[in-house]
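Structures follow.
Across the two complexes that follow, subunit A remains constant while its partner is subunit B and subsequently subunit C.
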Partner chain A sequence: MTMTNKQRYDKVFMDALNLQPQDLNDDLIYNSVAAWDSVGHMSMMAALETEFDIMMETDDIIDFSSYPKGMEILSKYEIQF
Partner chain B sequence: MQTYATPVIEEMLGTPPFALEAEAKNALYARTLSDLTLHHYERSREYRRVSRLVGYKPQTELQVEDIPYIPVRLFKEFELISVDRREVIKTMTSSGTSGQAVSRIYLDRITATNQTKVLVKIVSSFIGGKRLPLLIVDSPTVIRDRALFSARGAGILGFSMLGHDVTYMLDENYQIDFARLDTFLEKHQGNRILLFGFTFIVWEYLCQALRRSGRQLKIDGILIHGGGWKKLASLAVDNATFKKVVDETCGVSSVYNYYGMVEQTGSIFMECSQGVLHASIYSDIIVRDPITFSALGPGSTGLLQLVSLLPTSYPGHSILTEDIGEVLGVDDCPCGRKGKYFCVQGRVKNAEVRGCSDVYASH
Partner chain C sequence: MNFFDDMERFGQAIAFIAEDGESLTYESTAVAADSFGARLSRRGLVFILANNSIASVIGYIGCLRSRAPVALLASNIHSDLLPNLLSAYRPNYIWLPRARACQVSNATELFALGDYVLLATSAGLLQAHDDLALLMTTSGSTGSAKFVRLSYDNVSANATSIAEYLEICGGDKAITTLPMHYVFGLSVINSHLQSGAGIILTNASLMEKRFWEQLKVHGATTISGVPYTYELLKRLRWDRMNLPSLRVLTQAGGKLNSALVHEYASVCKDKGMRFYVMYGAAEATARMSYLPPRLALEKPQSIGVAIPGGEFWIEDETGNVITRSDEVGELFYRGANVFLGYAEKREDLALGDERKGVLQTGDLARRDADGAYYIVGRKSRFIKLFGNRVNLEEIEQLIRNNGIDCACSGDDQMLRIYITSPALQNDVISVAQRLTQLHHSAFRAFVIDRIPRNEAGKIIYAELP
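After this line comes the complex of A and B, so read on.
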């Protein structure tokens, strides 16, 4: 069964930040949960790059500040949600 | 909360980081630092006390040299914070040994983000905008304790933004992990590699360890290192020797030192191809007479006062260090960068003045 991009995105978030599906919403922003600190951020960025086989620009890694913002950024890399 | 400095930083991010000439920079700094000082004065009780002690009266139109500066050690003794505690997302500490007092630097979201953005702008202007495969010359244990962040951990994470496939070169016992290293180098064969580490760690656990192992690396890479020469000075290792040994052991000939303090993370001073340190548009440096504290012009040695536009959540925008150095010139470094360029000669305590001549001698 192939997963949609949204499902893959969600899975990376849940695995990297140790979250449940109900945690994934517009209120999920950088530093709003303990695991999403600067260390968690870098490992999640690496996981997203591996999952979608992309390399993000530095500015996008810095601007990746929330769960919804991340989808907006990934769409620049032709990943549609 | 009013976050006055953010629009300034946001605007500046579009400007090349070494493009501002003295006149324009002075005007910008006089205005922005006056505002920033007032901002901290109004929000931090401890800063209010300290700045009054040095004769500061709340005002808006100060010249850059008249901006109050506070001794860097006060961050160890006082809780210097200019935002509500609940706004703090990260507390950074200087890497002091146990039992020693450490500096505590309180970061809110805006200050932390600006630090990262500015670090990336400054370093990218040296190594290019493309993220290179990155070797961290350190052990991953450094970032494991996440509750309290050391200067080393923060530096590693900041530089991690500039790379990809971030790989730690040392294992938990500070031994080179050759298996991991070989896999990494094979994977990125033909690509330029970025290496980052702290000066002493690079020297001791990479260069000296390679010498002992008898293995010589040939990395097509750029090394950026910083974090103080104190330990190396006691081993009588200067910048020229450091570069030579890095080249001999790792094959890396592009080596850039940076100078910065945990109290002013982000707006670091980078060494150019001429071997001198540069203030970017985000920071400035003033040399002060160690006895009268008056500001000294180029060519005079004194205590270094560091100025940064980034700190809004803690009053670290103007600090007096315990380092001595000399401004070598303004706007006219042969490398083409504008702004002040300078050298650091050492700590005030072990004031063996090496002079800046060995900076030049290395070229």
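After this line comes the complex of A and C, so read on.
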């Protein structure tokens, strides 16, 4: 069974930041969990680019400040949630 | 005069711009720092839990100007680690974010600025050496009670040298990318204050939009970073970002691989920017060398030359100075920025200058025919077995790769291998024999309860039996 974009997005978050499904909510922002520091951010961006086969703009990488914001940004790359 | 006592000379020039946009002139920084200093008793020891904020820098400069010895720690230092440091040094004052004040018991609040409060403890009078200005951690890590002791002259001398070779001028504005409790981060602040330049204070990382907004709004001219910073900048494709104010990039805090040095040097050259590779240590206040930008393309592996006022030389294993080029030996440095010595507890703060301006770096280096220096490795512990040079560090690593935790020591007669499992006593000898191709009689295995290590996980060889 193929995963939805939302499921793929969530999986990247959980893998990159070592989180559980219940951790994924609107309060999840940059630096709100220890793993989401600059190192975690960069590896998550790389993982998202691989997962969705996209190349993100610099402005989008530094604007990617929260779990909900990330979905908004990815929609610019024609990834629908 | 030095940059901290003589801030008034830059008068109305902007010294600091905070995250909220608040700015502070040199004159008002001096006034605020002195009103902080006025709260302190003579030579009282101050701990600052610092971040890149106006309150932190005011406290730091206030301590320097009022001659109160000060230790800079991370504002987010783990609450488990703080008590050790407090009991080892018993500071008289702690300047920290109000949110953390409850973690210090038996202290009274004296003063507040922004979200920082100054607490006075019940610690007694400090017997500190007159020269002692600043205590910094060696690794940037937060747990160790080991500090380098730096003098007023150390801090001033290094700031002067750095300002000179980076050609920092009044119109420059550095943006902070490193915490100020880290020697590199602090040296950026000090060297810019030396020249009457501006410092844009931020705790945001390069991965945050607000960092780039601050950089653009305030027109930062200078970014300083560790190798990781430069990997991030590359990943962000910084060369395609619109950053017209940026003129200088400086790199220190470890070796940046030479391919990246070359790439940055080349892009900077095209953009009319300067890119500096630098080398240093907390034991040298911060900086010991820099690679002049014009040499970065030609010698991307080099740490360059000693900073103004400093001097390098290389010694062989017997302590003789190596004068031939390209011969490897241990790198030594002499300069007014060499620290006074280490401290591990309050009583050590009474100690004077134990180093006399000379630092044995522990790094292996060579100098090329043009006088540029290269770090080729860390000084290792060598012994000679049957005339064969054996690197103890390397043997240890190779044995560990075979799944056996160990520590190696020895002399030219015997290599001693310390392990914790009696069952492996014979195995480890045959592993060592196989790895070195030397006769097994050169090795002895000793079983001990545990391998002595410090908090950083480094083996303490002096504690081996």
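One rule holds in what follows: the second predicted complex is superposed on the first by the 81 of 81 C-alpha atoms of A that agree within 3 Å, B and C clash if a C-alpha of one lies under 4 Å from a C-alpha of the other, contacts with A are read in each partner's own complex, and residues count from 1 in each chain.
Everything below uses one rule, namely that a contact is a pair of C-beta atoms (placed from the backbone, for glycine too) under 8 Å apart; a residue touches a chain by one contact, two chains touch by 3 or more.
The structure displayed is predicted, hence computed values, not measured ones.
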{"item": "First, second, both or neither for A:E49, with subunit B first and subunit C second", "value": "first"}
{"item": "Touching partner for A:S38 - first (subunit B), second (subunit C), both, neither", "value": "both"}
{"item": "Contacts of A:Q22 with subunit B and subunit C, given as first, second, both or neither", "value": "neither"}
{"item": "Which of subunit B and subunit C A:Q80 touches, first, second, both or neither", "value": "neither"}
{"item": "Subunit B and subunit C footprints on subunit A, overlapping residues", "value": "30, 37-39, 42, 58, 61-62, 65"}
{"item": "Of all residues in subunit C, those that touch subunit A in their complex", "value": "205-209, 211-212, 228, 232, 235-238, 240-241"}
{"item": "Residues of subunit A that touch subunit C when the two form their complex", "value": "30, 37-39, 41-42, 45, 58, 61-63, 65"}
{"item": "Subunit B-touching residues of subunit A, taken from the complex the two chains share", "value": "30-31, 37-39, 42, 46, 49, 55, 57-59, 61-62, 65"}
{"item": "Subunit A-facing residues of subunit B, complex", "value": "89-90, 109, 112-113, 116-117, 120, 124, 129, 131, 143, 146, 149, 154, 157, 160-162, 164-166"}
